[in-house]
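Quick heads-up: structures coming right below.
Both complexes shown next keep chain A, but they swap its partner, so chain B is in the first and chain C is in the second.
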Partner chain A sequence: MDKSLAFRMQNIDRRILYIVLLAIVVIGLIFPIPLPLAISPQAQKFFDAVEKAPTNKAAIVSVVWSASTQGENRPQTEVFIRHLMSRRIRILIMAFGGDAQSVTLAQEITGDLAKEYNYEYGKDWISLGYRLDQTGTLKGALLDIVQVYKTDSKERRPLGEWPVMAGVKSLKDIGVVGEISASGAYKNWIGLVGSAMSAPLCYGPTSVMAPELYTYLDSGQIAGMMFGIKGAAEYEALLVKSGVLKKAGFTTRAITPISLALVLLFVLIGLGNWGMYAARKAEAKG
Partner chain B sequence: MDWLQRLLSRLFPPLHGTGFYIAIIVCLILFVALFFVIQLLPPKARKMIIVGATFFAGLFYAAEFFLPASPKPKDENFLTFAVPTVANFQNVLTAFTLGLGIYSLVRVHGSNVLKQKPNWENSVVLLGGMIVMAVAGLGWGEKSLFYRSLFRDVLANFDGAMFAILAFFIISAAYRAFRIRSAEATLLMVSALVVMLGQIPIGQFITSGLPENGSYLSLLRLDNISNWLLTTVNAPATRAISFGLGIGALAIGLRLWLSLERGAYFEAKAE
Partner chain C sequence: MVWTTTLGVWVGAIGTLALFSLIYRENRFYRLFEHLFIGLAAGFLIKSTWDETLYPQWWTPMVKDGQWPWILALGLGGLFYTIYSKKHSWMSRISIGVLLGLLSGQIFQTTANEFIPQIQRSFKPLVVQAADIPQGSQLTQLGMSLNNILFMVILVCVITYFLFSFEHKNKVITGSARTGRLMLMFAFGAIFGSTVMARMALLIDRVWFLMHTWLGLG
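Showing the complex of A and B:
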């Protein structure tokens, strides 16, 4: 075995790795590979929870993400809101987290989809706004949403005046809750209000966060989950299957570069390890 | 205890318009005055005030949770009516931490610029960005083109790009660091490989010939193995960690609530 080749395999210049990764991502986006996507049980449960949500009750879309994780959280938010709108369920948007961007981003997504589904602000959907402190807000909203939020965040009009709030006094009057998040905020929902609400709580975390949530899926405290952008792609596939969407969109397309990047990662780890063993073998032989 | 609710509503009626802003200004003046009064007190008395305030603030939620509630459907005790108000109070208090953050940023980076410390140019960009964004939001408003361009076209893209760069670092770091040198590392490597392959269509495609369910062969599908690893192996481990974290958080919470933490505010001066 050529010792220098083994050594080179362990020390590929990082600039080469960056260029290969960039090329793979770009090529993957331009030429998506049509591969079958298996629907995970967690995504199916999320979809089913929204599908079973009563249409006479409002849904809460809680957003706890900023532009930094929009690669995963934006498609998750989009497919969830699209599904709610296709069922004509009223939407209340809540925003939390350390970054106030969440409310603007969620309003932007909902506003765009609202045009497609003919959703009217104040009648079919409303933005309750951003709150820095999620624990206090949720505890308060469990008793009285209007008293905690007082006004909507777009028009700054008293919340009780909007038709969308008809029949919604507290979190107990909600039909389904979905939180799209890049943080561990699910603990506040589960710990503070989950047991008092009748609505199922669904979760859309980033991929790195998702493994933490399986324990709550097991216990039934979380009804369903979208595992990062892959979960969003599965949800999109379910929307296509149920006829809500005519064809899969960018979310499904984005799975190809992610797949290719992971394959590159496996290949590189394999090369590095092969190089290490080859070098050791060559050294042992002298 | 409806009388308490009625009394408080009478003492503090909801304010609107000019009255609301006057109340905010009066409150600010009162709190600044209170701050200076506390500064004039001896350290021990100051500590007692802080310990008392911390205890009573924490007591509210504990008492509201543990005190027996009236039978359902009301399901409330005499403190429950105040929860939304306390929630608003909590939000206002938490919002003050943003102010502290801004103060801290301006102090640190302002000092960098004034003293022309190494890389002070970055501090100028940070302070400039902060001021321009604040002016755009407060001066022009959320709906203006100026604010929307800065937010959507600049900040959101910069933020997204910064996070996306992580992929390059992860590829490079995983390639260099993931060496199989022990049995544990092999186990970790194999399970990571299976979980990741099970999450992507290319990985799922490898075993797509096997039945999805209803047969023992379906257990060999990569997506099913990946799901099994996540739900049967990963979940109990995460649960155990969560139990430990929960108990730790309870202990820390109690220590903070009862001001038993060492290095509490003014403790050094008081002793």
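Showing the complex of A and C:
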């Protein structure tokens, strides 16, 4: 056994690892491999919840993410809003979290998609704005959304004057709720208003958070979930299958470099462990 | 493309490259953009706090709608800053106390609504009848029974691991707690794998921005 090779496998220069990773990501993006993408039950349930949502009721898109997690949360938000718009469901944007970027990013995404689906601000969608205090806002909105928000976020006009708010008095009048989040904000929805609402609560967390949400899926407290970027790609595939999208976009394309990067990780873990065992064996032999 | 968009893309691309340059080694280019980023984030926070929170929720009702008692919120909020004075820091406890009181009340409600449905759903039949299988499920009676038994075993084992009120001497308890720890390890492994995927997604987003939005490739 070459002892020096075993040692080197444990101490590969991180810059080499980063170059290999970068090369894999670039190649994967330029030449995507058509990998099979199995639709997970939780993504299917999210899609079904939106599909079954009544078109005469508004939907809430709650955004709790900023630019730091947009790699996962932006595609999730896009596919969710696109699906709602394809069904001509009115959209109310709520933004929470520690960073007010969420409202800017959500308005930007919805504004771009609104042009494609001919959605008019104030009539078909509205931005209720950013609130730092999610617990207080949700508890208040359970009684009276207009009283809690008072004005919209873009034009600062009284909320009750906008046609999009017709028939929307409180959270009880909502057809479906979807939160795209990089934080544990789901506990506020479940803990404070979930049992009082009739609307299904769907969730789009980052991959880091997703494993902890399975207990809530199992208990039925969350109706469906998009598991990070993979969940967004599954949702995109469902949109293609249902004819909402003509072809898959960037999200599906991103699955190739992610899969390749995970394979690289397996290889590196394997090499590191092999190096450690080989070095130990060589040392034992003297 | 509008010139401001083009400028924004260039600034974004140079900023991304500058921050990635840390991978090679610590350098001034990285430092410059790190400071720029922190400064911009702080400035954005101040502006957005005023625009999105203070102006519509506090200033407008107080000044324009004549709801003058909102001025009291300034006093209550201002008490937080007495923490910087040794002599007056006790006053900050008033504001902290009010906030803690409000949060404590909410936590009772949150805890009940969060955990009770989960406890209810953990009561699963170990011998599943045909009527117990939900519509659309692809599992057979036997498959679902095994699934539920596995769920129950793991649940009991993991809870046993967290019994700290007595020493684990009994063989059954020790075995159950060890199995519970092993199951927790599986869960942590899943979380680690998900974390890696999340980080890769963030990298891919930036690489795609450089390739597609900046350089027009792909």
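In this section, the second predicted complex is superposed on the first by the 286 of 286 C-alpha atoms of A that agree within 3 Å, B and C clash if a C-alpha of one lies under 4 Å from a C-alpha of the other, contacts with A are read in each partner's own complex, and residues count from 1 in each chain.
Here is the rule we use: contacts are C-beta pairs under 8 Å (C-beta built on N, C-alpha and C of every residue); 3 or more make two chains touch, one makes a residue touch a chain.
Treat the numbers as computed from the prediction; the structure is a model and nothing was measured.
Novice: Aligned on chain A, chain B and chain C: do they clash or fit?
Specialist: clash
Novice: Quick check for you: in the superposed arrangement, does A:A284 touch first (chain B), second (chain C), both or neither?
Specialist: neither
Novice: Classify the contacts of A:G194 with the two partner chains as first (chain B alone), second (chain C alone), both, or neither.
Specialist: A:G194 sits against chain C, while chain B stays out of touch.
Novice: Could you look at A:T215 and tell me whether it touches chain B, chain C, both or neither (first, second, both, neither)?
Specialist: Touch partners of A:T215: chain B and chain C.
Novice: In the overlay, answer first, second, both or neither for which of chain B and chain C A:A38 touches.
Specialist: The answer is first: A:A38 touches chain B but not chain C.
Novice: Please work out whether A:Q70 is in contact with chain B alone, chain C alone, both, or neither, and reply first, second, both or neither.
Specialist: In the superposed model, A:Q70 contacts both chain B and chain C.
Novice: Considering only touches as defined above, state whether A:F250 meets chain B (first), chain C (second), both or neither.
Specialist: second
Novice: Which partner does A:I30 contact after superposing on A: first (chain B), second (chain C), both, neither?
Specialist: A:I30 sits against chain C, while chain B stays out of touch.
Novice: Which partner does A:R156 contact after superposing on A: first (chain B), second (chain C), both, neither?
Specialist: Second partner only.
Novice: Determine, under the contact definition given at the top, whether A:G129 touches first (chain B), second (chain C), both, or neither.
Specialist: Only chain C; A:G129 stays clear of chain B.
Novice: Clash-wise, after the superposition, say which stretch of chain C runs into chain B: 26-34, 62-70, 116-124 or 170-178.
Specialist: 62-70
Novice: What residues on chain A does chain C touch that chain B touches too?
Specialist: Touching chain B in the first complex and chain C in the second, residues 14, 18, 21-22, 25, 68-71, 101, 104, 131-132, 135, 139, 207, 211-212, 215, 218, 227, 230, 258, 261-262, 265 of chain A appear in both lists.
Novice: Which chain A residues qualify as touching chain B in the complex?
Specialist: Touching chain B from chain A are residues 12, 14, 17-18, 21-22, 25, 33, 35-38, 40-41, 66-71, 101, 104-105, 108, 131-133, 135-137, 139-144, 147-148, 207, 211-212, 214-215, 217-218, 227, 230, 255-256, 258-266, 268-269, 271-273, 276.
Novice: Using the touch definition from the top, list the residues of chain C that touch chain A in their complex.
Specialist: 23-24, 44-45, 48-49, 51-53, 56, 103, 106, 109-111, 113-114, 117-118, 120-121, 187, 190-191, 193-198, 200-208, 211-212, 217-218
Novice: Quick one: which bits of chain B touch chain A in the complex? Just the residue numbers, please.
Specialist: 61, 80-81, 83-91, 93-95, 97-98, 142, 151-152, 155-157, 159-160, 162-164, 167-168, 170-172, 174-176, 178-180, 189, 193, 196-197, 199-205, 208, 212, 221, 223, 227, 230-231, 234-236, 238-239, 242
Novice: Using the touch definition up top, name the residues of chain A that touch chain C in the complex.
Specialist: Against chain C, the touching part of chain A is residues 14-15, 18, 21-22, 25-26, 29-30, 68-72, 74, 99-101, 103-104, 129-132, 135, 139, 150-151, 153, 156, 187-188, 190-192, 194-195, 206-208, 210-212, 215-216, 218-221, 227-230, 250, 254, 257-258, 261-262, 265.
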